[in-house]
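Below: a set of structures, written as structure tokens.
One chain, chain A, links the two complexes that follow: it is found with chain B in the first and with chain C in the second.
Entry: the complex of A and B
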């Protein structure tokens, strides 16, 4: 079921918005992984999305991690539980956090069904905003420090304390960077979910 | 006396024994071989010159009618040398007595030799026995030294054990004394509480249980310092009955009663009440004192820590003691095993000694029997000699022989006596050896007894060690419990939760996948480092990647080989097809068509004897002739007419080619004798040949 199925003529529901945001995270995180060189470039394939040519991983192991992650993210978004999603890039050897891509999510007070269950916003506009954010992410590579040591990543989910977590999920620290440099990126809104992006990175010593 | 001057007699001293014996034997043989010659010489006159050459008969004046017997002088000479010589002259002795004597003497000599050999053997055995006894002595000395060391070890172990027992007993005594004192104290408190209640009731009935009095009673202990009991005090309080516990001093009560009596000499009730009151106050004080005594050590953390520290030290000392005891015990067991081995060896040696003794006794008996037989034989010989000497038929020579035999016998007797003395000495040494063996045996028994005792001690010590270990385990458990309680308290009291930096609020939790790429990468890195440290120079991912690369390379190689073979096959097929196609075109059109470039073609007619060709070029879909029989198209040529007609007017290249072909065929038919080229050299001309087809069209 695509996001369009839940919308009619610019009307967007909570579920559809969750699907759109999840899709943004899918392409956004893949884009970061490609741009930051965490995985070999030949393990990515090109796809057209948001009017851009984006790269999506073909690595089975990475897909096995990302797919259930995005499924859970969509569930949290649809349940209005997701407050923040952070992609942490750390050095493998020392586990020191070097970059922190943070996406703050604000969810409008909207019902799942019935009255007050939709918002009005053109999907094309939403996708354009998403594309702008992704473009800015791509452009961020110009000022971010080069990752010279082997790095890997983790994705942190900020939810309410009363949220029941599935198995295989565990509590984590915030993985903050001390004295980090912070750059605010663009934001987009589906009129149900607003996503504000920013990147924090460790200054080169 | 002529015998003295004979060569035989002269050379008697210088000759060796064997030569002399040989000469005597030869002389005897000669006499035996010629018994009557002397008689003949005596009766027939002087000997011949041949006989003169004989040193014996030529120089010895023999008496007529006398037998050729040896003279006493010669006998003396022979006797002085050896008795064997005497026996060799038996042929000169014709009497039966002399022969018997010689045989007897020979027998005696043989027996004497036999006894000598026996004695020598016995002497050797005795020497061996003495050597063994010396070895026994050395071993027994070692055994005694080992026993002394074992005794020292045992003494040390006993001391250690006593020390450990003393420590255990001290602890046990202290614990039991403390518990006794506490029991007594609580009993005493119960009793005093009952007395206090009674006193309160009395005071209430006497209307003295006022608020002031109650405050007075309640605050009466405040000026009293807490009491710290020493171990001696504990021991003193532990002894005796609870009624002997001096909680309430009688003297202050008595003094108070006396004061009251002085104040109210007639008020006996008040005196009793006061007694009760004072008793109550004193009891309160004592209760408080005793409470202080009981409670204070637990209130003071430092004292508690000190106690725990002392307990720990005691435990460590006990541990060390037990370890030391275990070490000593193992050492003692090893020594015990060593001594058991030695004991076994000694038992074997004792058995050997017993068998040797039996053998020695048997040899002694044989020796005594031999000596007895020898004495008997000597007496018999003497008797025979005496009888021979006293016989009427005895002669001087025989007497001399008997005398010499007597001397020989005496010599032999002396030798026997000497051997007897040696045997006696040996017997004494044997007795000494026996004594030493007995001594060693007694020491061995003592050592066995001591070993048994030591084994019992070791068993006892093992049992005590087990008991001590149990006590130690119990004490450790108690200590751990105390430590755990302390640690729990410490953790609860002092541990402050560490603040972790977070950007989430109180209502937000941060979660992530447990199996995230970062942790996975770290695990892989650790595995690689571990494998690298274990000797592997490549990590699993590298190996896996390399194996994957190898497999991919192999697959690519296979694909390449297949593609090459297919390409080759296609190429060959293409070449064959092209060749076949050209042949067909040649046969159908009569032109050999060759592509020069991508857009130009060259045609050679099979009927052309000059082997010239046409050249065409395709430009923008149109065919233009660029060559006409090796000349430019615009030049004069033999096909100029056909060119203008078919290509110029009718714009048909195939028509031009067909016209040219017809013309060439006609020319060829006009010149039949000439050899026409038809395709390749050697092909026959076929006039029915090719038909036309258009090579390329607009």
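Entry: the complex of A and C
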């Protein structure tokens, strides 16, 4: 009995993994919005997560914007369709892309149901890894160029060819930055999804 | 002799093999050459040791003695006991750390020869800046750039291009909610702004209460941007015009006096402007028919029968939106754009007229030295008039400031720098501008994000306070002259129209279209520092 318990304790299902990764994106993207100063600092409130104090927007409009986004992301994650998620920060006036926060997602090939539906990995460990990535995102503000003009953001997702386009989403280009500087960040893995973070930014001319 | 295998040459040659073209490889090759030249044959390792250590006899002795110890123990190498005990007990001696301990630096691993070589010789293709001159920015080296490119490519060559058959979706492109208007991504936000919620941030020295000290009801307060019905006298009485009535509020006792009730039958009796004279003895009252009335609150016992000291009317005049006193002259800004000057002492009271606005005048203030009158109006223009022209027949403004793009109601002079004028624009403009009236130049323009209805300067803290209308009904406090935001006070639920400062400067009353008056103690003077200042002034007066 006890052996069973320990087995299920560390086990993680595809659905649970999707939820964890979605949660990571929620905190990660909010953190980027705060750290990069896209919205005023006072419109964020503090939340304890991953052993860190993170800032999450309390602006209702922004919340309403992000919520369906993350819901869709979770759906795609659970369907193993999400290959990459990119947060594109661009200048409002010129529409020029200045920063790209890229999260590459690798999904392990497991069946949704059945014997092999779960994998072993301690949730605590996963959260710690996620915290490390977020910590690194926060730290990268020190080398990223200042965003001196008002900027806005878009979220891109890369999916397989056969994916149906969901509502509110549209086909897009990759919004690449010419001659970008790239910095590889840490990665984390839930044993189902592994996420590799990276930031690309425009070189200061 | 095996214990001396820590010597570097073999390791270096490996490096050379693995990276023959890299700059690092070149350097190491040089070291390799260097040591190889001086030590023919890797067999004479003893020679190597003395080569590296020979320059300091002390050290070489140390090492040779260690060497003897090692030799005596039959080539087993140094034992733990031979070293000064270090804190790190877990570390076992593995024969490659050399003879150093925590007190004597390990000279063997300090590559003096190499350092000397690098200092004395100056190869052209060196990647190090070896010049003895002052440090300057590193030269752009094509090789280095190439290296950088390679390194970058290594880390993320195929990261951006997703070659396979994937679709890219974007979520509501360009639909992300925009940041509130006026939000500037202050680069300093991370480290220094007061808006930053972390505790490590330097805060302003004093506490500014975010809630008002007191809230008073102001029923039938007119929501009209072109009227000015709130004033705080130098004697401590707040006068506020509500509809056809004038109320006084005694700041010390809290008593409310219904001072004047004008006849409500006559539409023209609506109070549209209230202003105390500089002594706080008389009130000038402007009404919507353009009349200017003078009252002495001491003499008014009954509001309905209150008799005015004087009633000054001009034919064909229209609503008085704003009043300003200069000694015994009260100037009235009218809807027509004209400013009429009334000398309250003489029978023919109208002594002059400034006509420089094409629309209603709604902001007007004399400079602290009473030399200039600044007026703003619905035509988005700020005029600065010289007092010398007050009685001339065709006066022209000294300055015409046309940078605002909306009605200018908020006008205030800086009390500690008399040539500085602050003006604030309306809905379309939302900026606070500072002007130097001596040159007529704009010194600063701050986007506040809302309609600016009134401005107040605080001399104690050298701060500026602004009252805002749409869209954020706030009062903001700014540091002068940096105009960094110190505080923002919310609470009003409709646009704020007027601010009035108490004679002591510590309190500010705000009047808003939500029919409330709020008193804020936002410039509270610290008692200890105030006492100090008092002592100082006393000292100077005795002298």
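In the analysis below, the second predicted complex is superposed on the first by the 198 of 205 C-alpha atoms of A that agree within 3 Å, B and C clash if a C-alpha of one lies under 4 Å from a C-alpha of the other, contacts with A are read in each partner's own complex, and residues count from 1 in each chain.
The working rule: a residue touches a chain if its C-beta (ideal position, glycine included) is under 8 Å from a C-beta of that chain, and two chains touch if they have at least 3 such contacts.
Small disclaimer: the values here were computed from a predicted structure and weren't measured.
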Chain B versus chain C as contact partner of A:93, first or second or both or neither: first
Chain B versus chain C as contact partner of A:194, first or second or both or neither: neither
Residues of chain A touched, compared between chain B and chain C (which is higher): C
Partner chain(s) touched by A:136 [first = chain B, second = chain C, both, neither]: neither
First (chain B), second (chain C), both or neither touched by A:170: both
Overlapping contact positions on chain A, where the chain C interface meets the chain B interface: 61-62, 65, 69, 83-84, 92, 95, 150, 152-161, 163, 165, 168-174, 176
Chain A - residues contacting chain C, complex: 35-44, 46, 55, 59, 61-62, 65, 69, 72, 83-84, 92, 95, 100, 102, 104, 141, 146-161, 163, 165-166, 168-176, 180-182, 184, 198, 200
Parts of chain C lying in touch with chain A, wherever the complex brings them together: 152, 155-156, 159-160, 162, 165-180, 183-187, 189-190, 193, 195-197
Partner chain B, residues of chain A touching it in the complex: 61-62, 65, 68-69, 83-84, 88, 90, 92-93, 95, 150, 152-161, 163, 165, 168-174, 176
Residues of chain B defined as touching chain A within the complex: 500-504, 506-522, 525
